[in-house]
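Next up, some structures in structure tokens.
First subunit A sits with subunit B, and in the next complex the same chain sits with subunit C.
Here is the complex of A and B:
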């Protein structure tokens, strides 16, 4: 018996490792018609882990002080060995996290995987989406550049349009009347600790819900693609005769992750500046407003929506209504059909919504 | 504020709000403070209003140097804007112009006063504004030395010789400036190189008022040496970038190869 087998045997008799592997890996069966979109969640876990690792590395040299933050980031980019790579991975990674999260949500939408009994999976995912946007927004301020300073100034200003509590919220977010050192302090705390810990907790909940409900069956390639779940008692959706998670789907996950890395590293090494306008490398100057400030691409639709309505409050209200609708979708859409081509109303709304989002994004970019 | 209440109510509200509102960056975000000088002169017709547009298009406006920085006065108080008690200086007399401009351009003023141009001040010689303009001041380049400008007072031949001696330096400075601008927009720390260029450019600009051809040639050679050093630095940056790109090709290729291997391995289990 080899040494490894001896070690494995020693562990197995104590904690039942073999049983665990059988239950969670080799014996964990997935639908035979599972597709590549199911690996978006695994990619997101990898991205989040990479963000945590690169974020911790940046923390070694980053100084969360309004007088030193910009210079510390410049130092990281220019003098710290591989600092440029770590910072670019972190900045590009945050954009990628939003992009892949959108793909993940879209795949869940189109495959009807949000339907009962997966309301909590959807809700926890929706909360994660908002948390990822919040972690991106708070991280945006940290380099203390012209772009980050003014983008945060206007972003926090918008909150003032909320009736009654608006003014309080603006001051609460900024830590004062204006964006300043206090804002940097609280955004830093939110970005490096509060939001990441919350994300980790919600990811845990999301995976727990997945583990308890089982993986949903894709509606494609089936004669009957209706949701067969009934609300009489708890049922785990098992897939007898399905493919094992390990090694089969784990290898699919690895393939998707490797393809993602090729794309991600391509951007990091060859086109990182698509995410960095020139103002991102000019130190914050509260007395000089840059000519053109545009938010990150994933906020462009929100930005344009606020602009097209006569009042900011109306713009906020419309966005709030749209987000609430999206959050409550599993409770609104109670139909049993999961195949997108058999859900014409859903298809019209979903494609219309996507086109509207893209149009607003492009309009926002060129406005 | 009660922390428990904050966590139960305030925190979710703030997060949701943060995510819902995010950005509303008004188009007119870039509103420079409109001084009372510009408000008043901008609405005037004739000589009073004629200064506004040339200033707006000048290097002074570009660098944030406004009316009060040269003419004094109070730019926030319309009633006392031109009150001498608030430091208003008005328009300088011809002989005062070099001192007027020289409050900021100290070295240039000294060079000018030592030059043939400066020595002729008050005796028909040119002042700063004769060549550079008053409100329409542009970034000083060699183009200022041209037959049309110089022939207003004397023949162009000697000026042309001086210009030829400085043209090579000028071209190098422009190229380096452009490159520095690009690097700055890409997060490269340009502070030290910017300072070196600033120093070289200042030395070069001080030659503008020198009429000794031999001195101009010798000084230009020294400036070129300094510029060479900056350009060697650029070479190092480019070389480093080349290495990064090679690493990038390896990283992307490695990822794609790994993807292919995982895919093929998965196929063996189908």
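Here is the complex of A and C:
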């Protein structure tokens, strides 16, 4: 008996490791028609972990002080060995996290996995989407460049359109009338501690809901792709005769993660500056607004929507309504059919929505 | 047999691949976190002679460590490492007695760094210096 087997045996008789492996890995059966889109969640977990690790490493050299922040970031990029790699992994990783999260949400939408009894999975996922946007926005300010400073000024300013409390909220967010050292302090605290901890907690809830309800069956390749769940009593959606999570689907997860890393590292090494406009390399100057200041790509649609509407409040209200609709989708769409091609109204709305989002994004970029 | 050999071979290849991957991650992480030795920085320290009156000491950083320059009452200049040879505390100049006292464990040194009493196992390290154009150049 090898040493590893001896150690495993020693642990097994104490905590029943074998039983746990059987229940959660080898005996955890997934639908036979499961596809690659089900591995987006695993990729996101890897990205989030990498963001935490690179973020902690950046904290070793980063100084959250308005007079020193920009210099500390340029020091990391230019002087610290491999500092550029750690920082680029963190900056590119944040963009990738939003991108893969969008893919994850789209796959859930098209496969009808958000439908009952998975309303709580969808809601927790939707909250995670907003938290990821928030962690990206707060992190954007930390390098204290012209880009960070003015993008944050514009982003925080849009909250001011909310009637009655808008002005107070803007000041509360900024810690003063204008973006300044006080804003850096509170954004730093939110970025490094408050939001990541909340994300970790909501990820835990998201996985708990998944574990309790069971993995949804993809609608593809089935003669009957209707949702069979009835709201009578709790039942776990098992998949008898399905494929085991380990090693079968774990291998798919590993493959997807490897493909993701190829793409991610390709951007980090060969095109990292697609996410860094020229203003990202100039220290913040509160008295000089640069020309054509634009937010990150994932806020471009919101930015353009605000520009289209004559009233800022109306622009904000339309976005709020769209986000509320998306959050409450499982409660609005109660149809039993899951196959996207058998849901014409959904397909028209979804493709129309995606095209509108992309059009606004491109318009925002070139406007 | 052939299958088993192939499996072993593939297993070894996979292990090597993982080891290379782990190395590719560990090396940048180690270099990122490792302390940096800036060559040439602080190699020479200049202190104006006028800053040192008789019986006084001037503390400064030399090659990343605390150092001290004293002018004794007889006018002689002494440059020493200020790091106690016992446990690394910085020794303090006792102007009246012309001695160095380490406050951590009461190690006592003469003005030229020789151990008088206490636990320090070695004298304070002497630093070379020259005096030119009204400046004391250490290193």
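Odds and ends about this structure:
Keep this in mind: the second predicted complex is superposed on the first by the 367 of 367 C-alpha atoms of A that agree within 3 Å, B and C clash if a C-alpha of one lies under 4 Å from a C-alpha of the other, contacts with A are read in each partner's own complex, and residues count from 1 in each chain.
Note that in this section a contact is a pair of C-beta atoms (placed from the backbone, for glycine too) under 8 Å apart; a residue touches a chain by one contact, two chains touch by 3 or more.
Since the structure is predicted, the reported quantities are computational estimates derived from the model, not experimental observations.
Contacts of A:285 after superposition: neither subunit B nor subunit C is touched. In the superposition on chain A, A:81 contacts subunit C only, with no contact to subunit B. With both structures placed on the common chain, the touch criterion links A:259 to subunit B but leaves subunit C unconnected.
By the touch criterion defined above, A:211 lies against neither subunit B nor subunit C after alignment on the C-alpha atoms of chain A.
In the overlay built on the shared chain, the residue A:60 is in contact with subunit C alone; subunit B does not reach it. Looking at the superposition, the partner that touches the larger set of subunit A residues, subunit B or subunit C, turns out to be B.
On subunit A, the surface patch touched by subunit B in one complex and by subunit C in the other comprises residues 79. Listed in rising order, the residues of subunit A touching subunit C in the complex are 57, 60, 79-83, 85-86.
Looking at the complex, you find that subunit C touches subunit A at residues 28-29, 31-34, 36. Those residues of subunit B lying in contact with subunit A across their complex are 10, 13-27, 29-32, 64, 184-189, 244-245, 247-249, 251-252, 255-256, 258-259, 262-263, 265-266, 269-270.
Subunit A meets subunit B in the complex at residues 74-75, 77-79, 84, 130-131, 133-134, 137, 150-151, 154-155, 157-159, 161-162, 165, 169, 172-173, 247-248, 251-252, 254-255, 258-259, 261-262, 265-266, 268-270, 273, 276, 278, 280-282, 288-295, 299, 302-303, 306-307, 312, 315-316, 319-320, 323, 367.
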